[in-house]
Amino acid sequence: MSEHVDPTAPLQGEPSKSTERKLRKEARVQIVSYFLMIFMTSLAFFSIASDAVDSSFAIPFIVIVGAVQVVMQLYVFMHMGEKGTGWINTMIWSGILIAALTVGALMFLIGIVKY
Amino acid sequence: MAEQQASTYEQLPPNPETATLDGRNKYLGFWFFLGGETVLFGSLIGTYLGLRAGTADGPGPADLFHLDLVFIMTMILLTSSLTSVMAIINMKRGSHKKLLGWMWGTVILGAAFLGFEIYEFYDYYQQGLGFGTSAFSSAFYALVGTHGAHVLFGILWISTLLIRYRNSGITLTNAPKFNTAVLYWHFIDVVWVFIFTVVYLLGIGG
Amino acid sequence: MSTAQTGSKNVIWDWLTTVDHKKIGILYLAGGAFFFVLGGIEAILMRIQLMFPEFTFLGAQTFNELLTMHGTTMIFLAAMPLLFGFMNFIIPLQIGARDVAFPFLNALGFWLFLFGGLLLNVSWFTGGAPDAGWTAYVPLSSESAGQGLDYYLLGLQVSGLGTLIGGINFLVTVINMRAPGMSMMRMPLFTWSSFVASMLILFAFPALTIGLLLLMLERLFGGQFFAVDFGGNVIIWQHLFWIFGHPEVYILILPAFGIFSEVIPTFAKKRLFGYSAMVFATLIIGFLGFMVWAHHMFTVGMGPVANAIFAVATMAIAVPTGIKIFNWLLTLWGGRIRFTTANLWALGFIPSFVMGGVTGVMLAVSAANYQFHDTYFVVAHFHYVIIGGVVFGLFAGAYFWWPKMFGYRLNETMGKWFFWLFLIGFHLTFFVQHFLGLLGMQRRVASYLEGQGFGDMNFVSTMGAFLMSIAFIIFLISIFTSKKNTENVNDPWDGRSLEWTTTSPPLHYNYPQTPLVRGLDAFWLEKYEGDGRMKAAEPLGDIHMPNPTILPIVISLGLTIASFGFIYLVYWLIFVGLGITFGAMFIRSVKEDHGHHIPVDEIKRDLEEG
Amino acid sequence: MKHFWRLLPLSFILLLSGCGAENMSALNPQGPVAEMQFSLIALSLYIMIFVLFVVFAIYIFVLIKFRERPGDTHIPKQVHGNRTLEIVWTTIPIILLLMLAVPNVMDTFTLANTEIEQEEAEIEEENGEENGDDAPGSVSDQEAITIEVNAHQFWWEFEYKDYEFTAGQDMYIPTDTQVNIELISDDVQHSFWVPALAGKQDNVPGITNEMWLEAPEEGVYNGKCAELCGASHWLMEFKVVAVDQGTFDDWVDGMTEPPEESIEPTNEVAADGREVFEDSCISCHAVGDEGGQQGPDLTNYGERQVLAGYLDHEDEKLEAWLRDTEEYKPDNEMPSFSEDEIDDEEMDALIEYMNSLKVLEED
């Protein structure tokens, strides 16, 4: 490490061909999934906002749609599916598990109804 | 070693944000922080769900929520997520200008979201929902307010980066910073999607 | 851009601005020791008050403040920082790194802890410390008069933030900073268990943060989360507290387990029995630690299904813990056991902790827990695990690593006096408390009535507490009288892991050349199967190190000022404090600091001297 | 025979149950609830003593056998581990825990179940009653009574829901009858604990918790608050007075309709005392139907076991307490009465009157 590199120098050059291809493909995927999310959000919105959908169906439906969107955000926008993200997956899913336990406990185990 | 992958490369490193050890540390550490934030918001959401029936004769969710307004807010935030994704893609392409442009887009959309939220709170307050009106109101403001504070912090953070690095080009130091800021922004969006569902949609529908 | 900032003019300035993990480790130890003494004094005062029935040494209000502050101090400000001290000092050495992943955040974490702890203790001088127990159950805490509880909320919030930062730092350090060849399954158990404890910190502390935030909003800003009349619910606080609080005790005990897993193999001269089972058991304990919090709430009225589930889940923790105990015993089996003070603490730990563990299983029996809950049986149980486990671990670690950290060995004779007196005092204090609980003495009582039959055992208990104090004073004296034992400090115990390959104390860049790790117990491997020297993973060259900075203190100070603003609701003070904090963060973000390089000549000079 | 271990010689525990105050020890259980809990304690203790024995035996053996002897320089064999041993010490604890978990889960449900018939039948079955043929009679015919326990800083209020009256500090219950208890609180969290009769449940504001207990023998059982509730937490005691059904019925009658003497005393001094009481006390304390509910009901004050929850029932103590309540129970809500408010003569009359407040016939 005798040559010290200046990390504040602007990066020069072009991305490699393969990177460029990858990035182009990625941009497409991102835009498609963005519209997918917009679509799902609208679906959830209309299933509640319009009275057409029965709430016994609508409630589980919007919760599932919400969950799918969260997973899409994590894996598409935030690239949690890429290589070398093992620890990240571990931590995020542990966090989600514990958050879910917390939500469950605070909804059901607060003494109003005994289980 | 990693640090020697210098700016002198003919080609850009495919992932400038994790090209240095510092960058990799930041990347991993920030993700872990988000893992903790998950529990933080989980606790707030749980509290809200536990208390949402406790309106104590004050107004309740169904009396208040402007679902259409919140729907628009959700769209705005989703779009801001997309712009920040585009920013990172352009960062990897080496286009400093486009990086800045897309990021400013994110900031503007974020500010719009925040503006709507402030209006929303103001309106609920006018309708008689003070912070201390009921357990429901406290839990609602605590949850959505904490999210709003995150948005505000994100806007300030990204703006700082954009101003600080307006002329610097993309470097091995600022690429990780932009990347973490964008991760943070996505996370805010993820949380909002969940809040939109369990607070607003369930508040009206359930 | 690299600015060389080597050598500082002023010793105090040097410590205030340090980002060196070893110095921060020592700061943690010093800070933790200070609060440990403070918490100990609080304990002794309470034990004196309980020496006789209806004694009037202290008032009931003072007693409640003492019991609150004793618990809070010992858990947040003594046990955890002391462990953080060892973790900071030892983990980078054990994985062959020159520093932690985030030196700046590391320093910030320490100063936040220190300022948070001091803030909490300021309450003694401003009209009364918090008085609702370390668990601060609402509505007792939300309705408690005065500012004591506000100090509790803000003090813990600030120091908790520091802990969270520290936890993330250790996680990334362990994942990203390991030397070549140091795979996860070659890491020493102390590093492993600290890693798991850091995971628990990451997921447990946010729940506390929210709990404290809600209670703060309730007390200071008119929130109604816990106000029953406004639709609030008081059990939410208990869940949030224990979702944090139960993992917290594993955050304490796991690193202590790690210390024993270093000490026992070293002094038995044997490889740790069942290394992978130990790692696995640690992970399982960490996981189950999150699944069982509600066993603190068996009597609160969750219902029989919930109670039964949490009871069974809690019992399950006994299995991995048992695996660990037997692995330690089997490590000793067939070894050549040396009874140094460090090892005495480890050996004293096994029976003491097992006794605390079995009462833990008894407490997990939910139907029987209705009798145990909130009695001295519980007090006995958790002191058996926390003193018998964590504190013994800290003492074992102190005697074990002292030569590495300070370059001299602690006096063994005094060490043995310390050990035996403390051990006897400890059992004297807490063994009888099991029976006090079963005979009907509830916990957190400022006194007890004459004629209920608690007098004799409480007297014995207090005597034991005195003995523990005397023992600890011997330890403190031995720190100052042992300074001449400087021979054979680099590897005094025939160590097994990487930290024993450095000089004592280590150079500030730890390793002139990053070592190459060829197996578990890397140093032992080289000593007994190689030529006794670590192989280098890189040629000798310039070493990059971070620069010292004063900003961590400034950030912490800002938050402390803002905390006073919150406690007394002085809005301009809040803005000033937060302004200082965010200003310092802004400076940190804008003014890039890329550290400095230590030239290869200087390293060569150091090597010749060493 | 679920509770077979109860029959095992409990020398150790029996020894301990000898010490400690009578009727206030979880080791001296009275009635089905405390006995059930005691047998679980005993079972878990036996299993744990077995564990301790195994660990200590290996521990001591290892320390003696493998200690370093002078001149010993051998390097021990570096053993990696042993799969069989690992499996053994994983499996055996699991079996031991199951032995504990199964009865615990069953008891947890039993204790949460306040449905009387089912309950009694179960206990009968478990105990394998002497009469053998499960006569669904003897005990189960008795109807359960329900008491709502409202805990206050720092005293106890017992509302007898079946009879619509309220008692303070002393909870009378009939023997051999299931008593269902509903726990509530208006201020902070408390915990209702009568060690000799039943483990505790918490009085949580905003929530009603349920438990039950039963006393087979007449007697006075000590009760406590077990959850930190403020400065006088340690003084928040109460008594459970178990009496036979006849006495209990008399007591209920007396409480619902107190003797004429309590309201309009014929004794002259007591009549003066009644006046003082009406001036200073009645706004918070009730006698019979009259009076406030902020403090403990005093209808049967003359029969109280102790006063203020813990002081000996003596005139001097009562006077001292009334003169300075803060001294005897810090942070409690009751005001003190100086000599300006109640002079000595009035005080004597008041005490005389209060001592006359009885609802049971003298023996």
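Per-chain numbering from 1; labels A, B, C and D assigned in written order.
Please note the rule applied: a contact is a pair of C-beta atoms (placed from the backbone, for glycine too) under 8 Å apart; a residue touches a chain by one contact, two chains touch by 3 or more.
These figures come from a predicted structure and were not determined experimentally.
Trainee: Of all the chains shown, whose C-alpha centre falls nearest the centre of every protein C-alpha atom combined?
Mentor: C
Trainee: Could you see whether B-C or A-D has the larger number of C-beta contact pairs?
Mentor: B-C
Trainee: Measure off the straight-line distance from the CA centroid of chain B to the CA centroid of chain C, and report it in whole Å.
Mentor: 33
Trainee: Provide the C-alpha centroid distance between chain A and chain D, rounded to the nearest whole angstrom.
Mentor: Computed from C-alpha means, the inter-chain centre distance equals 53 Å.
Trainee: Compute the distance, rounded to whole Å, between the mean C-alpha positions of chain C and chain D.
Mentor: 37
Trainee: For chain A, jot down the residues that touch at least 2 other chains.
Mentor: Chain A, residues with two or more chain partners: 1, 6-8, 87, 91, 94-95, 98, 102, 105-106, 110-112, 114.
Trainee: Scan chain D for residues touching two or more other chains and write them down.
Mentor: 112, 204, 206-207, 209 - these are the residues of chain D that touch more than one other chain.
Trainee: Could you list which residues of chain C touch at least two other chains?
Mentor: Within chain C, the residues that touch at least two other chains are 171, 175, 202-203, 207, 232-233, 235-236, 239-240, 243, 300-301, 303-304, 544, 592, 594.
Trainee: Looking at the whole structure, which two-chain pairs count as touching?
Mentor: Result of the pairwise touch check is A-B, A-C, A-D, B-C, C-D.
Trainee: Which residues, counting only chain B, touch chain A once they are in their complex?
Mentor: Per the touch definition, chain B meets chain A at residues 1, 3-14, 16, 20, 22, 28, 31-32, 34-39, 41-43, 45-47, 49-50, 67-68, 71, 74-75, 78-79, 81-82, 85-86, 89, 92-94, 96, 168-173, 175, 183, 186-187, 189-190, 193-194, 196-198, 201-202, 204-206.
Trainee: Which of the residues in chain C end up touching chain D in this complex?
Mentor: Residues 59-61, 64, 131-133, 137-140, 143, 228, 232-235, 268-271, 273-277, 299-301, 303-304, 307-308, 311-312, 315-316, 318-319, 322-323, 325-327, 329-330, 332-339, 347, 350-351, 354-355, 358-359, 361-362, 365-375, 435, 438-440, 442-449, 451-453, 528 of chain C touch chain D in their complex.
Trainee: For the complex, which residues does chain A have touching chain B?
Mentor: Its residues touching chain B are 1, 3, 5-16, 19-20, 22-23, 26-27, 30-31, 34, 37-38, 41-42, 44-45, 47-49, 55, 58-59, 62-63, 65-66, 69-70, 73-74, 77-78, 87-88, 91-92, 94-96, 98-100, 102-107, 110.
Trainee: Once bound in the complex, which stretches of chain A touch chain C?
Mentor: The contact residues of chain A facing chain C are 1-2, 4, 6-8, 87, 91, 94-95, 98, 101-102, 105-106, 109-115.
Trainee: Residue numbers of chain D touching chain C in their complex, please.
Mentor: Result: residues 16, 19-21, 24-27, 34, 36-38, 40-41, 44-45, 47-48, 51-52, 55-56, 58-59, 62-63, 66-68, 72, 74-82, 85-86, 89-90, 93-94, 97, 100-101, 104-105, 107-113, 183, 187-189, 191, 193, 195-196, 198-202, 204-207, 209-210, 222, 224-234, 237, 310, 330-331 of chain D touch chain C.
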